[in-house]
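A, B, C and D label the chains in the order they appear, each numbered from 1.
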Amino acid sequence: MAEFIDLRDAIARHVRPGMAVALEGFTHLIPHAAGHEIIRQGIGELTLIRMTPDVIYDQMIGMGLARKLVFSYAGNPGVGLLRRLRDAVEHNWPVAVEIEEHSHAAMANAYEAGAAGLPCAVFRGYLGAELAEVTPTIKSVTCPFTGEDLAAVPALRPDATVIHAQRADRAGNVLIEGIVGVQKEAALAARAVLVTVEEVVDDLEAPANACILPHWVIDAISVVPGGAHPSYAHGYYDRDNPAYTAWDGIAADRDAFRAWMEAHVLNATPADFAARVAPLRTRP
Amino acid sequence: MTFSPDEMMTIAAARMLRSEDVCFVGIGAPSAACNLARLTHAPDITLIYESGTIGTAPDVLPLSIGDGELCDTALTTVSVPEMFRYWLQGGRVTIGFLGAAQLDPFGNINTTVVGDYAAPKVRLPGGGGAPEIASHSGEVYITMKQSKRGFVPKIDFFTSFGHGTGGDHRARLGMTTKGPTKLITDLALWEPDPETKRFTVTALHPGVTREQMADSVAWDVTYAADVAETPAPTPDELEVLRALKARTAAAHGAAA
Amino acid sequence: MAEFIDLRDAIARHVRPGMAVALEGFTHLIPHAAGHEIIRQGIGELTLIRMTPDVIYDQMIGMGLARKLVFSYAGNPGVGLLRRLRDAVEHNWPVAVEIEEHSHAAMANAYEAGAAGLPCAVFRGYLGAELAEVTPTIKSVTCPFTGEDLAAVPALRPDATVIHAQRADRAGNVLIEGIVGVQKEAALAARAVLVTVEEVVDDLEAPANACILPHWVIDAISVVPGGAHPSYAHGYYDRDNPAYTAWDGIAADRDAFRAWMEAHVLNATPADFAARVAPLRTRP
Amino acid sequence: MTFSPDEMMTIAAARMLRSEDVCFVGIGAPSAACNLARLTHAPDITLIYESGTIGTAPDVLPLSIGDGELCDTALTTVSVPEMFRYWLQGGRVTIGFLGAAQLDPFGNINTTVVGDYAAPKVRLPGGGGAPEIASHSGEVYITMKQSKRGFVPKIDFFTSFGHGTGGDHRARLGMTTKGPTKLITDLALWEPDPETKRFTVTALHPGVTREQMADSVAWDVTYAADVAETPAPTPDELEVLRALKARTAAAHGAAA
């Protein structure tokens, strides 16, 4: 049952050291505010799951919170590589990070299987792809009708999934609109579901077939306007492209990175996000 | 009108596409080519980005595969699992358009690591959608700038499979799709040899010499029997491309 | 590429004797007009696929057009049994019908696998259920990670799928809203896709994440207002509940059935559907 | 207030449900009970119909599992594949509420055929969602009128699995859910014996005799140590149920 609590309490209650955690959002609706809260609380030894570990995971990895990363594409979208992730993988700084790497198709299917309560996902994939040789969780099953070998990967079942969404109603039902990514699947696959939202409304005003998470699959909802920044919330504010570009320079240097995190994360609060998106708002 | 090699590459790549195509668009060079095609000779082309946007028609080039404008201008936006299951794996994509960090002469692509996978010299972003784009799209077009660092005889990691070691290697792995059929660079057009499946130059862009080709590719360049000259960009192509780039720069501010 | 043609031509061009055909629609948007056209053209020896063969398949089976039925629930919704289907199965009248019976979960997964280009669907199902013993296409695969036996059924790949939808735009993109059932999957699983629509509009006016079939997955679109009657089209007209009830009496008797079919199907046209829904319209 | 056995059945079944339940609703008797619960003591109950409607709150009883009002009043409506994958198989349903044509004392249900499967005496509709509702719902409630034709020692076909031959049969098939835990009829309340899993009468509705029970069930009726009397319908329960039925009749016209 969805409980409306502030972000600090939501993270403290549901995200623990050593957990497997998915912060999802496919370019759109990335839960940056929740990621920052995890960083502030120093919750470490995490297995971080995410199709596209971008700036938010670069920050968490750079702060040494990740023991393992499960992913399919690690880049700063539209900019280039992730420099903190590279430093961890190439030089074990600040700590070594174990890698479990998949393709997008595999990760999407694995979340889907998790949501569907299955132990594994079956799909046609990895044909001739070398990941199948370096990732031990890629196996195969044989179609009992055609004899075709199909790829199989274990279902993803995060201990906690954290997402950002446009809005909740007062009962705690949550609406996601636009590029919905893999958030519904990641949420339904998880043992605990935390959602940050732009606002709480009386009526979701959702079309009949909208992507909605009912309140009874959600554990905690925290209202954090701007909580996706520098990602965006469709219908609320635009993507902060300069912030993504600037990250490349910040993350290039260990000291610059630490200083930036000190100023903008460790000594900041969820309430700061609203000001960050103020100039990007598309609706008041 | 003068033009840059980059412009020639984007325009040559755009010309490969038709209004009937359903194109799974990689970000960067492929995205520019696909949208240029849509804004010129292929107005009805269906562009799909892996973020779930189907039939999108952005006014400016997206910075990421999940920009809001892709959704705003799309016919519909589906979930990422549906995108990979129904639309890509379902065999509905005619052209998968990819870029690469390393490319070998058989169209195999590496975007995973430079060096050893377990202890990489450079950790690249990884495959994302590419492994299945490469196997499930009807054909694969590749576009990237030529360089000795990028065009290597042997890639460090098989992120996505092109023609493997050539010949019928794809078919032997059970793939029924064509794999890479076009390679469009800043200097030339390449196509796989019908037998060996090794990339062969079929056209040089205006003014490009065979010496330039040899200097920009770390494998032995082979040429088709008839090597054409790529028609230079038309004023209209250049104008539309430059306007698109200008709109993009204005929209993305400091980021573009 | 979607071609706008009249229903008679659409059926004649894409539905041939001996084909495996799915007319889908889950209570809502059942393509009755298209079914009637198949009956008028006397296209027989069909393998009829449908999760819920109700009145429309009762009519097609009663007219002797079905060689085989693939299904998961055969009932007249809200009323009871299907008397023409029973007569065929119990007494081979007018012809014997072979049966391939599944559960809803299996059929839904099998369409999904067809849409996804897979040879089979893998799910957790049929536990302790006797269908697994009488339906030869129910097999199993073993999860390579947990060792669990999971059910497997072949993907459904109809030669043609026929659906009814609310509207198309002029390019031939089709919108389905409300209870969307399994139509998207059934369409994407098929070799040919035929759609009847209530109307053609300039703009679909669809929300961002609507259920839309792009024009390039559709073969033929025919405009048939009221084409779902006695089923309904959400936003256009209500379900004709008395017609469903009346069917029970009509189908109870072979002669009454033939006479009804003569009057309302064989000597009728797609244009008659508009008048049938006139009193049920919820929007003009 | 006087009441009919049918009304008692619906009201007794409704009382089993709580606001916290997520209930997968079969059509007919289960649908009336679930909606009565929602309109009385369990206003926040989540009702799911297999047509994809989640959190629906119809003002009148639907005639089919896919009536338009189910969608109009739902929190959201998903596709049928999603319904069976994410919501039922995903383990999110607390109560699966089923009816039956034939029922055995272990809660196994037949809605497929009377007689032999290959040459049936009566071809019934089949299982629909029931085989997986029975295995994936946290618990299964069954509601149907007692009759010697329906309550049989041995069903003709195992459409959906209850407790099989009893005891730990479910667990031996790998099921982790509870299976049938309540049977609500027009005459009594039944629960499986904790050991044997055979249905045992735990309460008789007001005025029902053991003789009536024996005459309406074709198996040996066993009774719990303490057999209670079901509390009679309250005026409020009856009033809400009758108003619901009246609205339903008015809405569905000749069909209701």
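Here is the rule we go by: a contact is a pair of C-beta atoms (placed from the backbone, for glycine too) under 8 Å apart; a residue touches a chain by one contact, two chains touch by 3 or more.
Keep in mind that this is a model prediction, so the values were computed, not measured.
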If a chain touches chain A and chain B alike, it appears here: C
Length of the line joining the C-alpha centres of chain C and chain D, rounded to whole Å: 28
Rounded Å distance, chain A centre to chain C centre (Cα mean): 39
Intercentroid distance (Cα basis), chain D paired with chain B, Å: 57
Two or more partner chains touched - positions in chain C: 112, 116-118, 123-124, 148, 178, 180, 184-185, 208-211, 234
Residues within chain D bordering two or more other chains: 71, 77-78, 85, 89, 136
Topology of the chain contact graph, where touching chains are joined (line, ring, star, complete, other): other
All touching chain pairs, where touch follows the definition stated at the start: A-B, A-C, A-D, B-C, C-D
In the complex with chain D, residue positions of chain A that touch it: 1, 112, 115-118, 173, 184-185, 188, 206, 208-212, 214, 216-217
Residue ranges of chain C in contact with chain A within the complex: 116-120, 122-124, 137, 139-146, 148, 150, 152, 154, 177-178, 180, 207-211, 234
In the complex with chain C, residue positions of chain D that touch it: 27, 50-53, 62-68, 70-71, 77-81, 83-85, 88-89, 112, 117-118, 120-132, 134-136, 157-161, 164, 169-170, 173-175, 252-256
For the chain A and chain B complex, residues of the former touching the latter: 26-28, 51-52, 71-75, 77-79, 81-82, 85-86, 89-90, 101, 103-105, 108-109, 111-112, 123-131, 134, 148-149, 178-182, 184-185, 211, 232, 234, 238-239, 241-242, 244-245
Of chain D, residues touching chain A in the complex: 20, 22, 46, 54-55, 71, 74-78, 85-86, 89-92, 136
